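Next, two complexes with subunit A in common: one pairs it with subunit B, the other with subunit C.
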Partner chain A sequence: MQRLINRSPSRPLRIALSIIPFVLILLTYQISSGMRKAENEQDKLLPSFTEIASAIDRMALEPSKRSGEYLFWRDTQSSLSRLVKGVSIAAFIGLIVGLAAGAIPLIAAPLKPLITAVSLIPPLAILPVLFIVFGLGELSKIMLIVLGVSPFIVRDILQRTQELPREQLVKAQTLGGNSWQIILRVILPQILPRLIDAVRLSLGTAWLFLIAAEAIASTDGLGYRIFLVRRYMSMDIILPYVAWITLLAFATDWLLLQLSRFIYPWYHSEK
Partner chain B sequence: MNNFIELTNISKHYGDKVVLERMTTQIAKGEFVTLVGASGCGKSTFLRLLLGTELASSGAITIEGELIEKEPSSERGIVFQKYSVFPHLNARQNVALGIEFERSVGLGRLFGAKRKDAIDIADAWLEAVGLSSSAELYPHELSGGMQQRLALAQALVKKPKILLLDEPFGALDPGIRKDMHELVLKLWQENQLTVFMVTHDLKEGFHLGSRLWVFDKRRNDPHAPNRFGSTITFDIPLNAQNATRNHQDLEAIKSEMHIVSTT
Partner chain C sequence: MRTVFTKSLPAILIASAAAILTPLALPFTSPAAHAQQQDQFSLCWSIYVGWMPWEYGDSSGIIDKWADKYGIEINVVQINDYVESINQYTAGQFDACSMTNMDALTIPAAGGVDSTALIVGDFSNGNDAIILKEGSTLQDIVGQSVNLVELSVSHYLLARALDSVGLSERDVSVINTSDADIVAAYTTSDVTAVTTWNPLVNEILSMPAATKVFDSSQIPGEIIDTLMVKTDVLQANPNFGKALTGAWYEIMAAMENSEEVRAHMGEASGTDQEGYEAQLASTRMFYSPVDAVAFVNSPELKATMEYVADFSFDHGLLGDGASDSGFIGIETPAGTFGNANNVQLRFDPSFMEMAVAGTL
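== the complex of A and B ==
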């Protein structure tokens, strides 16, 4: 008998095993929902799958009676646009500041303590400040994402830059490179795939801040909708929205990984 | 040209720990100096002084009468045991980088005819180290030996006055190491290089060098092991024609080193 720590499932078995928990959750949900419905047909807490399907139908496939828009798609578009803008700005700041501080000790000296201090500010605590300064429009929501995510990216990129083998920088100097050339040709191209890594890791946080900002002050967006329909206990809308956000988060992560593998094959075969 | 490189009273210490002390010697152009010694004897420290990543605590190093620059520069090429090549560039780009740095100050990148020209030079060097067929491959697709060949081509494209090798073959299999020895000797002769090579393999030092330095401590205080630093205890001119003599020297040094390290 092989030891338990040496036994690993074959590929088909592994796939089957990975699906089982999801099936179990859905099954449990359906049974609980049925039990509650049997007691009270009006129950809103655990809507049946047909109710959820008709809610999706209402939100995504029929135009809203009030505005004539497809609310689900409009919410998705607004949220994704904010997320992409916020994360892109944060990634840009993270790359420039992190790279400069990581490569040039004279820039790191004044910036490092500042970055550490800024990263300790809870972004949600200064959300009111953002609303006061930037108004209640798009800008304050994007700024919240930027503020929430960029300190992490800056610190991560700074560290990755300093982790590049010292030998490479010495070698580049013996090839006659000046500081600018070495940053441009040796450091930057090696940091870009690491920036994608950092962005992937920060996406969860970015979603958190996006939904928080939308919940507090917005007129559309996935987070806004969830918090709006909560007032009517519309679980039939909240649940598919949550599933949709999860799917979007998963898809962005997967797409970024594929992009990174496609552009930087050398980076992925190094590990 | 006997005084191509001159070392005058070089010492290096970190705080109270003396690593190297009072090294004074001259090296002629075209010499192949191999540096051997027990680990921690300061041979790698000495190489870093030559490279410019560390500065001597006292004394002076000159090349052709000029003090060496205090940071790495293109007159001193280097091949490390690892991390000598850039993983994000293919073999050809790795070699061409040195030319691009030189000819494009702003971007470090050449385009059009200039790029073609740089690629031609790079390809010639790739051929010289036997990597012609691997020009498009990235370092992770190359074996350890091929990576070191690439690192050599990359360093030589700058035509450095001295070439520094820091245990370049330490991580390679014996068979591949033998091929690399032939390559290094060929490149050394064809390009009239001045080479310094650190190795922990005494035999390799004898086989490759035209001059062999053994680093060790002249004096040792058992109560204060850091008080005295290493210096060149043996400076042996090697002659390819006189292999038996070299072999006797090898045995002599082996026993000497044993005595020195046990007292």
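== the complex of A and C ==
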């Protein structure tokens, strides 16, 4: 008799099983929404799927009456642009600082405690300081993402750099490599796929800070729209926006994984 | 046998899923959906100068005393986020909630939750203001970005102010800014104009380069703080309305006459007595039910609600189905504005009249 822990579902069964929870959630929603609608036709908490569809139609497929723009796409564009800028800057800082501190003990000595301390500051708690330093425009939103995400990436890259086998570095040295060459030719190529890993892991946090930043002061963005229509409880707009954010986050994560597999096949084959 | 099984499998699955899920869905339905006689009620409020009496009423036991008198139980809950408190009320978690006349129209009433203004507590008489960094008159606002909480009473105040000098919202650009961050935002060079409410107004005015160019005392009686109660709950349970109204005017008397009570309210709202008195100075409190009843009965209230409905309709706050600003009927003693067949917001002075007559 085969033990439970050794039985894995066949591919079709696995796909079916993975869909079931989503179907159950949609069904629960449908039933709850129907029950609330039966009591109050105009209920806004759990709009029907038709109402959600008409909200999507209004936001994404028709130009806004006030500005003539397609609000949904404009929000998406502004948010993605902020996210990409913030995460790119954070990844760049993470790579440079993490690599330098990981490879050179003299740089690690002063930086490591500082990085640990900075990573423990909740960025949302120092918002007023951020405003005064970076203003209220795009810069402060991007900086909030950078501040929220880069300490994590720095610490991760530092750790990964120090985890590289000591023997490799010794070997490179016996072959006559100097510090600069070793960092550039031995350490950096091995760290880059790990940087992509770190960025993938930090995307959730980055979205969190993006939404928070857009809630504070802005005129567009996915987070802006959600907080704006929350003022009159338009769940018919909020729910598709949340689904869209989830989809975007999933897609970015998947794209990064494919990118990593494409550029660094050796990294994925050793796993 | 096999074909029968496969054919009926989806049907069985759907049926069993529905059977399992229906109880799961129950928490989403509102407990007070079918109004009937009940003896437990809940009220939510959030921190604001005109709603601090609810805190005092709760902590001093005045509300419990009146609830006992009518043999009911009233659960008073403070919610830190104002909009969230209204959303919770609209979603069915509370029977009563403190909110402004405008938010009552755009959130519960527009969401089909028929609400009655049981108590009209005060109106903003300077508590909401437009502040400029440069410039001394409202006209100077042309071309500037104005930071404010979009679609809130601040937005309404701005629209009314611009209207009063022949300008419109097209002459400025509005930047949605959270009320929690507006004071810090004003210190940055990006921000040149804000519209907000107290205590933030006082805080910003104490900074250098801050000129108040318009405030709510120039549109008196248009931003009204009320206690909204679900109309069906109130009709089925007049004792709930009586207990709340009785408690409210006992609190009002204490508040008007006792410095200690005002100091208590100030502290509970995160400031001190001095800060609280400063906010009260720009609030027209109806300490006496006589004034509140006269205010609700006046024809101006209907005109005000018409302005509010126009603004809400122009900004799409009345919902997609709304064809004009009168889509949602608003009942006032002076007459009904808008669609009489879809009345969702009511101003009813009858409970406050009982307070005047002393029959509570």
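Quick note on the criterion: the second predicted complex is superposed on the first by the 270 of 271 C-alpha atoms of A that agree within 3 Å, B and C clash if a C-alpha of one lies under 4 Å from a C-alpha of the other, contacts with A are read in each partner's own complex, and residues count from 1 in each chain.
To be clear about the criterion, contacts are C-beta pairs under 8 Å (C-beta built on N, C-alpha and C of every residue); 3 or more make two chains touch, one makes a residue touch a chain.
From a predicted model like this one, the values you see are computed outputs, not experimental measurements.
> Does subunit B (first) or subunit C (second) touch A:Q181, or do both, or does neither?
Touch partner of A:Q181: subunit B, not subunit C.
> Quick one: is A:S32 in contact with subunit B, with subunit C, with both, or with neither? Answer first, second, both or neither.
Touch partner of A:S32: subunit C, not subunit B.
> Considering only touches as defined above, state whether A:L24 meets subunit B (first), subunit C (second), both or neither.
Only subunit C; A:L24 stays clear of subunit B.
> Which holds for A:R74: it touches subunit B only (first), subunit C only (second), both, or neither?
Neither partner.
> Would you check which partner chain A:R261 touches, where first means subunit B only, second means subunit C only, and both and neither mean what they say?
So A:R261 meets neither subunit B nor subunit C here.
> After lining up the shared chain so the two structures overlap, which partner does A:K44 touch, if you call subunit B first and subunit C second: first, second, both or neither?
Only subunit C; A:K44 stays clear of subunit B.
> With both complexes superposed on chain A, which partner does A:K112 reach: first (subunit B), second (subunit C), both or neither?
neither
> Going by the touch definition up top, name the partner, subunit B or subunit C, that contacts more of subunit A.
C
> Between subunit B (first) and subunit C (second), which, if any, makes contact with A:R200: first, second, both or neither?
Neither subunit B nor subunit C is touched by A:R200.
> If you stack the two complexes on chain A, which partner ends up touching A:K85: first (subunit B), second (subunit C), both, or neither?
Neither partner.
> Of all the subunit A residues, which ones make contact with subunit B and with subunit C?
none
> Over in the complex, which subunit A residues touch subunit B? Could you list them?
Touch list, subunit A to subunit B: 165, 167-168, 170-178, 180-182, 184-186, 189-190, 264-267, 269-270.
> Which of the residues in subunit A come into contact with subunit C in the complex?
Touch list, subunit A to subunit C: 24, 27-28, 31-32, 35-36, 39-46, 54-55, 58, 127-128, 131-132, 135-137, 215-219, 224, 227-228, 230-233.
> Which subunit B residues qualify as touching subunit A in the complex?
Per the touch definition, subunit B meets subunit A at residues 51, 53, 71-74, 76-78, 80, 82-88, 97-98, 100-102, 105-109, 138-141, 151, 154-155, 157-158, 160.
> Residue numbers of subunit C touching subunit A in their complex, please.
Against subunit A, the touching part of subunit C is residues 17-18, 21-22, 24-26, 28-30, 33-34, 83, 87, 90-92, 106-107, 110-113, 147, 149-152, 173-178, 181, 184-185, 187-191, 317, 319-320.
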